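Per-chain numbering from 1; labels A, B, C and D assigned in written order.
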Amino acid sequence: MGVANLLENWSKFRHTHPVDDHGHEDWMAYPTDIKWAMAIDLDACIGCNACSVACYAENNLPVVGKDKYSHGAAMHWMRIERYWDENEGEGDFSAEQGARFLPMLCQQCDAAPCETVCPVGATNHTEDGLNSQIYNRCIGSRYCLVNCPYKVRYFNWYDYPSTKDVWPSPMEQQLNPDLSVRGKGVMEKCTFCKQRTYTARNDAKTQGREVRDSDVMTACQESCPTGAITFGNLFNAESQVAMKWKAQQVKLDTDKQAKDENPDNGLRGYHVLEWLRPYPSVMYMERVRETEI
Amino acid sequence: MSKRYLLALYNNFEEAEQVVRELRTSSIQGFNAADDMVIKSPIEHPEVEEFIGPKPVKVQWFTLFGATLIGSLGFLWVASTQANFFSQMKGGKPIVPIPPDMVLTYEFFILGGVYITVLGFLVCAGLPARRSPLYSAKVSEDQIGIMVKAEEGATTALKGIFAKHKALEIQEEVGR
Amino acid sequence: MTENDFNRRDFLKVLGWGGTAVALSGCGNTSIQNGKEIITSFVTPPDYVIPSVANYFNTTCAQCSAGCDIMGRVREGRVLKAEGNPHSPINYGKMCGLGQAGVQNHYNPDRVTKPMLAGKEVTWDQALAAINDKLGGVKGEQVAFLTGDISGHPRVLLDNYLEALGSKNHFSYEAASPAVLRAANKKAYGVEMPRYRIDKARVVVSFGADFLGAWITPVHFAQMYARFRKGTRPEGRGVLVQFEPKMTLTGANADRWVGIRPGTEGVMALGLINALGAYGLHIPSDIAAAVKEYTPERVSLDTGVPFEQINKVAKILKERSPSLILAGDAAEGYAHGLQNALAIAMLNQVLGNIGKTVEAPASVPFPQLAPAVGNRASLVAFNKGLADGKYKVVFTYGANPVYSAPAALKFQDNFRKADFKVAFAHYMDETAQAADLVLPLASAMEDWATVVPEYTAVPEGGNSETYVHMSFRQPMMEKLYPDTRGIGDMLLALLKQRQPDTYKGFDDFYSYLHGAILKNKVALGSKASDDDDVFWNATVSKGIVPLSGHANKVSGKLTAADLKLPPTTGADIAYPLRLIPTVSASIRDGRNANEPWLQESPDPLTTVVWDSWVEINPKTAAKLGIKEGDIIEITSRSGSIKTQAYLFPGIHPDAIAVPVGYGHQGMGRYANSIGANVYSMLDPVFDDKTGDLAFNETNVKIAQSGERVILVKDEGAAGGSQAHMRIAVQWPVDRVDYSKEV
Amino acid sequence: MTKDIREDIAWAKINQDVLKSLETPRPAYWVILAVALSVFGVGLGCEIYQYQMGMGVSNLDNPHAWALYIGSFIFWIGMSHSGTLLSAILHIMHADWRKPIYRFAEAMTTFSLITAALFVAVHLGRVWQIYYALPYPNERWAWPNWQSPLLWDAMAVFTYLSSSMIFLYVGMIPDLAICRDNMHSGWRKKLYTLMALGWEGTDRQWRNFRMTYLTVACFLIPLAVSVHSIVSTDFAVSQQPGMHVTSFPPYFVAGALYSGCAAIISLFIILRYVFRFEEYMTLPILRKVVRLTFAIAMVWTYLNCVEFAATWYGHDPAEKAVLVQKAIGPYAPFFWTMIFCGSVVPFAMMVKKWQTSIPIMFAVSLLLNLGMFLERWMIISPTLSHDYWPWQWDHNQWPSMIQWGIVFGSFGFFVTLFMVFCKVFPSVSMYEVKEMVYHRSLHSKKAESAAPEGFVAEELAVKGAN
């Protein structure tokens, strides 16, 4: 019963996970100690958009067309942002050192601003450290989008499945049956390819072992021509992503990384907007540029 | 033996007050001023309570009870629902976060207060009720009514007192 | 199987193994029977089909000519997604957005589904009869075949067909192809398409080679680039310098992007040689003499690049060896394109990169299978032939000349002159509309083929001397439209009209291919004793067939005599700006314009979607009072287009850039009249040596049309600004400690 | 005669005059009702279209996920507050001039809250699933997320709405009894009889009535304050620059009272005309309301300055950027209109002559409400167009006609409900006006001469005016 449950577990429910870097030991909802995380090397990213298109293919994202795109209805869960070096003065850009590309996807924050504000609890924290979005539960108040500092949540402003030229026959045959096609009035966002991670997790579980890097790749990671994206289980010390985070001394639950503490330590790992303390699960590694040239 | 109802209408509170005072001082056989007398007025007139004698009001007890009960129940309910669905936890937040629950508890507190108070009002004021046989529309307009309940024998005396104070009109009716 | 030697060679040619010693195994025709069984559709699915579990089938990407090896994710008999084939030496399991969109090419609602004769639907028999009947009346040389890049067994059949017709008119046309580069490479290194070992280089200086975006084999180069950038490799993090008038995707990733005046790339190259000499690099005396005049001052005057910059580049080239110098579209698209390319190749020669970062590829052991690579010169030749009325019956496949030929060539009118035009078409594109007979192509995901990529990448541990490979293309699913046919099947059908006896054994292209592969299985890495089916299944499921090719040599063959550059011309007064048609990584030459994912995926640099645009340097725009979103009329001597302006810092003030591939008329709902077709307004200027159409030789003037639109782009109101926040952070290399990285 | 009070309105006459309002209003009433109904119809049409097509037709987009709907929601909730102010706060303060006007003010509270609740539905992407926000027990153990300010809103608004409805009803019982006694037949008679609960005005009923009314009033005051501070947490609790402002709760409450008082002035003037209430809704009362409004206007202005100053000296670049955006960006015209209407126009209420000038005050009150509507909008859109993420900045978003249509429709909805109420129920509290004149007569009897001179003068002036 609720109250008994409440009293007996009071302290446990004030759990620190997932803000903490480790799974909560007495958290029964954790079959395996999984915390999905990502590392994106901005020096390797060439901004080619392959990840974005792969995301369209994997996650049944609708193509909204020019008019709706112009009204900010684009549904790209994974978008490539292009920034310029700025000289003094507004909008005075310099292309001398090329452009800076930033692949922006849901950061799967561990203290997600979007989660707390949803009136119906349609977006929650999963036991594997993701920021879930329950389409069936969503009533479309869009508070999560308003409160998302990265603006990586996308709302179905129209009923795309029934909209002309979004999936004209036979294009609907390409839709991925592993996940739903969202109707109007629902918020959606990057899920770290939940359909893939869940399969991997269950396989590992049935084989009674930890999830390995070889088990799962997100669609964006799989396609990335330069391998700029690393994805895996942060709790598994052997995983590439864990090693990268460790090498960059990046912590999940800090608003200031080691490289900010001491600029000379040669590190380049950081979280975007980390000073807002959403504790993102995506680590970016700074773009590097030659000084001799 | 049967009781009789008398209703006398007056122009203003002064006259009504004198009548009441006299009735209370007078010792008429078969008529108890403390219980058998009701003042009907078109407006709320605190002085009435002074001359009609002490009559306690109990609504505030309902208020106290309602506010505290609904308030605390509200909190427990909210907290236990939260504790029940840890499957919908919020990253970085405790399952049962106190500040939001306090906000809600506050609202429950007021909700209970208001609802139960009004309930109390209906109970204490005996509403809804059928109107008494001697109801006069004049009362809701501009006249003060004094309704008394008395033994057969007492009516004449009462009528006398009413008339003495120039009652605009005296109605009489056999009680049930 | 006859013992007659001639017939034997003849038969080999039929199967594509001509021109080489082949150990023929067994009698193939039994396996053809198997073939028929295998391709009959199943009543009960094979045991590997488990509902809700996806199967992956290896095949080859058909979205561009790079020939990446991919896997199709197939579930319940539908192909859902394309993934890279991890064993591919080209793309190492990776893919570009363009490749991903292949499924939309397959599932496209605007595909041609029925043969159409003069606009009316006909049966295949009628269609083939029509061709046969037309061919009856013409001589062999009056038949011409225009294709895009084509290789493998489809090419074998094509060549056999043309030979059967007695025609030599096969024109391989690619609107965007490094044709001039091939010529230059042949001259400079002795091979047309060497292996560029970006991953081995410490410095890469690229003259407009967009090897990350649209150049030759981008996904492969992106892989090499990733290794080249790794600070953890022994050579340390590589440095990329890009000289080009309009920033390409590669330029956007350069450590230093140098906006150079259009056409002066060669000058810059010679200037660098000169500067290198000054830094003490040994330069052969004759060459030194030839470049003497290109002093940093003069070069910086011609190219508009500050000479400190030139010296910096020379310095780093001198200090860090090996390096790699690339010449790309931007450098070769001129009347003096070849000279430019040669001057740039000379840089590799003097820097001693040849053999280090410029490697010799092996050539394909079976010449018939080797790719017939496209260029623009062939379009010119084809066009001339049509203009002179030499061709009565023409076939087009994998090319859309009516759309992509400059209006000045009057191609459309000339095309009409041919009596009978047959288009093997996937969409009702411009060429198909102009054709008399349209034959519906099966998509690459429904069809059998073999592909031999032009650029030969070698896997780890592969013998870089001799490694070549052939990739398989196999159907991922049943045909969406039963009346569509693969190019192989069509050619086979046409061949049967000509030489029924030779080809009667082959029911369809599958059985032909099946038989051909089995015939030569020893050369394809199997033992004669192996079971045919086992071998076949293994080969097809691998998807990649390594061949041991003929080794080649590369060496610096250039002399001072090759370093002739025309004097840099001043600005054209009437048409002051230089138009640079850009080939974007996704839309490319326009053949993929009807795939909505590509239309909706923003251009990486401008983030514009669903339309074409013109990139203008903010300075130039300020001078002309142009704001973003102004509809600009761009006028050249050969035509004019209207499109929306985008102020772009990454372009030389004397140049404007418009992406090709937009402005289709027809083709499909997603491409039709989206944007403007910049091909149409190109001036007919040709490369002096190769005769290739020079892309960047069009001078234009621009004017506001008065209209103004809000640009539909992903970029927000802040433009490329980070609003003083640390969002996409940049760090100088000497502050990074790579020893700590994994 | 003891009824010869200076305010020589016979109690019976009070009954007649007010009851007349239930019978035959001026024709203007029907005009207003018709206009309101048609406006509501337009809004309804737009909503149906939006329901069919999806939220996109309102031109909301990413990042402009919120705009006029939430703005109007806050606006309507805000308007509700002054009803409580008049009925509860002034009741406790024994300000007897509130008595003739508090009834319609309370009705305004109720109906504006209903209108606000309407916007919750209009705003949702999947309104057909709105019940997910209700805490009903279910097999999945899925409850609404109590941490969400939106849910606090729902809770607060529900409490407020029901409480003020009850308050309105309880306070109306004696008057319903009067209606019951004076109606002769028909459905209305039945209705009043039912609703009067057999009220007789006995001393027992009055005793408990007084206590109840006082208690509920005491509850309503903190409730009203909590409601709008909770609404402000929708923004204050969020993370966005320009919304994450500490001073929002008081700011919102002040704004609420402000717009409410302005609305009261408008409705005061309308009712006064259509129901011929000149003798009850007298100009001195208008003057008092106007003065009150002016005071609140100054409080609001002050809190505005506090917010801007805090942002400016806080040195949070993002916050500052939003402020600058408001001042000089695409929303500048609306921002400055809001400042003008909210902080400049009120000074018109300082001019003594104007305070009692019907047309001027009507215009002023409308302007004030325009300003307050813009204020709500200016909290939402500039922030969303210029928040933390520069890549997603969007300065070109503009609400579509659908969105505007629904907002206008809400005004029609409100006015319809309000007008119908005033026609069916006494919009002036008869028994309390009687109390008012009774106590005044006592008062003036006690101290004939001690009556405030100014007051006399006004009253005479008013008599002249009427």
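FYI, a residue touches a chain if its C-beta (ideal position, glycine included) is under 8 Å from a C-beta of that chain, and two chains touch if they have at least 3 such contacts.
Only a predicted model underlies this, so the values are computations on that prediction, with no experimental measurement involved.
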If you average the C-alpha positions per chain, which one ends up nearest the average over all of them? A
Does A-D or A-C have the larger number of C-beta pairs in contact? A-C
Cα centroid separation, subunit A vs subunit D, in Å, comes to 44
I'd like to verify one number: the distance from the centre of subunit A to the centre of subunit C, where each centre is the average of its C-alpha atoms, in whole angstrom. 34
Taking each chain's centre as its mean C-alpha position, how far apart are subunit C and subunit D in Å? 69
In whole angstrom, what separates the CA-based centres of subunit B and subunit C? 93
Mind pulling the subunit C residues that touch 2 or more other chains? 710, 714-715, 721-722, 725, 727
For subunit B, jot down the residues that touch at least 2 other chains. 81-82, 84-85, 87-88, 90, 93
Residues of subunit A that contact two or more other chains, please. 74, 79, 81, 83, 116, 121, 273
Counting only chain pairs that touch, give me the topology of the graph as line, ring, star, complete or other. other
Each pair of chains that touch: what are they? A-B, A-C, A-D, B-D, C-D
Counting only contacts in the complex, subunit D reaches subunit A at residues 53-56, 59-66, 123-127, 129-130, 132-133, 142-145, 147-151, 154, 234, 237-240, 384, 387-389, 391-392, 394, 397
Partner subunit B, residues of subunit A touching it in the complex: 1-3, 5-6, 9-10, 13-15, 18-19, 29, 109-112, 115-116, 121, 124-125, 131, 279
Contacts from subunit B onto subunit A in the complex sit at residues 76, 79-96
Subunit B contacts subunit D in the complex at 11-12, 14, 38-46, 48-49, 52, 55, 57, 59-60, 63, 77-78, 81-82, 84-85, 87-88, 90, 93, 97, 100-101, 103-104, 106-108, 110-111, 113-115, 117-118, 120-122, 124-132, 135, 137, 139-142, 147
Which residues of subunit D touch subunit B in their complex? 1-3, 10-12, 15, 135, 141-143, 145-147, 151-152, 155-156, 158-159, 162-163, 166-167, 170, 173-174, 177-178, 180-182, 197-212, 215-216, 219-220, 222-223, 226, 230, 431-432, 434-435, 438
